[in-house]
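The chains carry the letters A, B, C and D, assigned in the order they are written, with residues numbered from 1 in each.
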Amino acid sequence: MMKRQSALFGVFTLIIGFAYGQKSGPTNPEATEVYEPIPPRVIPGKLGAPPSDAIVLFDGQHFDSWVSSVDSTKVKWHLNKDGSMTVKDKTGNIQTKQNFGNIQLHLEWKSPKEAQREGQNRANSGVFLQQRYEIQVLDNNENDTYVNGQVGSLYKQGVPLAMASSPTGEWNTYDIIYHAPEFSRGGNIVKPATVTLLHNGILIQDHFEIEGTIEYIGWPAYEAHGKAPLMLQDHNDNSRVSFRNIWVRELE
Amino acid sequence: MMKRQSALFGVFTLIIGFAYGQKSGPTNPEATEVYEPIPPRVIPGKLGAPPSDAIVLFDGQHFDSWVSSVDSTKVKWHLNKDGSMTVKDKTGNIQTKQNFGNIQLHLEWKSPKEAQREGQNRANSGVFLQQRYEIQVLDNNENDTYVNGQVGSLYKQGVPLAMASSPTGEWNTYDIIYHAPEFSRGGNIVKPATVTLLHNGILIQDHFEIEGTIEYIGWPAYEAHGKAPLMLQDHNDNSRVSFRNIWVRELE
Amino acid sequence: MMKRQSALFGVFTLIIGFAYGQKSGPTNPEATEVYEPIPPRVIPGKLGAPPSDAIVLFDGQHFDSWVSSVDSTKVKWHLNKDGSMTVKDKTGNIQTKQNFGNIQLHLEWKSPKEAQREGQNRANSGVFLQQRYEIQVLDNNENDTYVNGQVGSLYKQGVPLAMASSPTGEWNTYDIIYHAPEFSRGGNIVKPATVTLLHNGILIQDHFEIEGTIEYIGWPAYEAHGKAPLMLQDHNDNSRVSFRNIWVRELE
Amino acid sequence: MMKRQSALFGVFTLIIGFAYGQKSGPTNPEATEVYEPIPPRVIPGKLGAPPSDAIVLFDGQHFDSWVSSVDSTKVKWHLNKDGSMTVKDKTGNIQTKQNFGNIQLHLEWKSPKEAQREGQNRANSGVFLQQRYEIQVLDNNENDTYVNGQVGSLYKQGVPLAMASSPTGEWNTYDIIYHAPEFSRGGNIVKPATVTLLHNGILIQDHFEIEGTIEYIGWPAYEAHGKAPLMLQDHNDNSRVSFRNIWVRELE
């Protein structure tokens, strides 16, 4: 026990002791200035348009950056005249030819104007980061479902902080910051993936730690993987979700 | 050492052993559905306009949410007819009346059209999170400075990932996700503050861990604090930086 | 940038700001006294003898707490008159009937007086924590081998901080503090196992984080498991290592 | 949502995907053998005697490694003929001349045979790691006190896992593994100190994270410091605690 009396005896020593550890450091402002390396110059885009260093994955002209996830051949989804694409029922998911790790991702999506069906079957699609970790796309307007499966959820893992959708039939933006999981040389998860999501500019996933691959049945778990494609879902129920203006910036 | 031969002896046991620990879990999809609590509905704003749950700090009409940081009286900065405000030289910083912890923050700023002076003296201002942690505002267009003091830096701590400014004289957006530091009951830092910054939509601070209060001279360090105001800087060199459309959403 | 001049302007505010966060707390000594729960009383043993709350796994009288790892029948190793046991070649590993999680473990071992063979084949055995994570037993006296396989190593993972063996043929003590790994509900590693080892009273493993199951070939990796037996190795090369005085205390 | 049907569509892709990330590695045992650097050889001591690489702080012959904490002059405690020392009332704490960081520490202590007074005033002393972090020494035999102040506690912070004392008047051993706290360049705590304590061979502090300097009144907090002496306490109440056989091994 440290007693009042003995504490007094100790004061002299402690003052000496702390003196060794006291905060010290530079005494002029120049000492804490850093000059290198110089960050790259990036020209921003206007109103969601891709910045100068972005990889444009879809600009409405063609599907050149994509293949069918079913058979690796060309995409069978609809290419629309207004610069968007729409899921074609039962043709399967599509995915980028390029593999990605850590990314900033921008995309826009909308549900069909006429709402059809209920719950998970109304305008359901998904953005699969690295082909495995799904951010839900769904028309939740006057259409409830389980909250870990609602629009903007990390499907069956991460309930969004808010329901921030545009009205049915109008465009939504997803701005995503994603860091891939890291694995040990033996294949065990060492650092989980994280995702931050702004839905129409509103923060709804806040550096969320992903627990593993999306599982429709059962608990999520990780299996080691490297860089992998971005995948968009055909939910096989004629959901007819549309996408446009998809670009990524690779992060370190 | 685990030898080939003994490994064989061990196989039977290990199979039994692993059986106890094997992955198991729900076998139907309903078991992993979550229904409560239900996330709030937030109506998004168009083109950077505040969403329905935002606290609007400045909409161009008045300074009602702000006070002078010098003497806690009313703000002496310029209120412009175009819905913006401009720093009035040597009137001091201004800060919100309200204290904040974790926030999503949106604001827009621009430098004067005519560039004046060099380096840290060209359109310098700053956004001080919780009155202590400064995100740099500066006109860096054709105006180099130390990189940990350039536009979008966490001043003298966090070099931005890119230089993503609009041209001199045009509006910039800052979208910020900020988590306040956490302290032990004795006042020591337990969890550092973090900041994510999109400058004109481009990720330039990526969940950056702040090392302590901004120091012009010396190393950063934390001192315990609670919620605190948002502060904007008068750099006292007639920098005449303007701000508009400032809103926050409080995060948990 | 924070300038000298503006820093002066800011001083008043900052003092106010820090006042809210300044360290505060109890002002009398009684406020920080804790009275419950009361830790259990444990009577220490003399000279390595088991304390009053230990589970004695081997006291030299019998193998009642053990089975063969090969066929789960009774142990075929030698029970010696001096209160020790000795590995009987090619009868296989032995393991406790009881499963363990976090433990403090004490055991003693010795190599045969007459050194035989070289490297990994001189008095090789092993202590397998939870049947999977091996602490090496080896006669390293004037017998070099790879350092991540030497006496006291976490085999092929953790080089010991020192080589602290008794002379060949004399008893060694191992005092081990072991925490089992923790897994997610989906089976992924969440917290690695740790081991601290005092070899003859000398710290040679210092809260070492185990990377996964011991692998003779390849990288270590985790597979989910629950509580599991303590296992001792027959290295199948007539190594004739002896053990005695084995006890554990279960930790929370 | 991941549907049964779409999951089937996805199978082919996922198999391909996982193939990239599947566990791979060395296929021969030699690839995972490490040969350097070679750990030092340390000759163990018998029955608590110092190992060959220990710094002997007290062997019963003299106080050459110690000074008074009060005035930095020579120690006024009793040097006994049996190779021990005893606190001399009101002469103040004593401390090593040498400063230490991370250490393994062995010491032995006993209370006087005749118990005097109650609670915190019965044979109270303390082992102050780095002059600041106290492990309690107290005669708790049939003498209750607050549990975060009982024998083996990290005083007012860490309740021991057990009360493992020898009978009043008999020698106790403390075997301690201590890691010093780490501080940022600005002086904030970055990694707390940890302590593991075997009391008479029984684990009673298990990698405990210290919250800050010991406080008799108020909450613990850290202040930056470097290496510092080991200090033993004079509790100023004629507690007459004795010590012997004190040695340390410096850890990295």
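In the analysis below, a residue touches a chain if its C-beta (ideal position, glycine included) is under 8 Å from a C-beta of that chain, and two chains touch if they have at least 3 such contacts.
Note that this is a predicted model, so its numbers are computed, not measured.
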{"item": "B-C against B-D, pair bridged by the larger set of C-beta contacts", "value": "B-C"}
{"item": "Centre-of-Cα separation between chain C and chain B, whole angstrom", "value": "45"}
{"item": "Where chain A and chain B are represented by their mean Cα positions, the distance between them in whole Å", "value": "18"}
{"item": "Rounded Å distance between chain B and chain D, as computed from the means of their C-alpha atoms", "value": "41"}
{"item": "Chain B residues counted as touching two or more neighbouring chains", "value": "23, 25, 149, 185-187, 215-216, 218-219, 221"}
{"item": "Category of the chain touch graph - line, ring, star, complete, other", "value": "complete"}
{"item": "Touching residues on chain B, where the partner in the complex is chain A", "value": "23, 25-29, 31-45, 47-48, 51, 53, 104, 106, 146-150, 156, 159-166, 175, 177, 194, 196, 198-204, 206-207, 215-219, 221, 249, 251"}
{"item": "Touch list for chain D against partner chain A, complex", "value": "1-7, 9-10, 12-14, 17-18, 20-23, 25, 69-71, 92-93, 95, 120, 124, 126, 131-132, 134, 136, 138, 149, 155, 183, 185-187, 214-216, 223-226, 228, 231, 233-237"}
{"item": "Partner chain B, residues of chain D touching it in the complex", "value": "184-189, 211-212, 215, 218-222"}
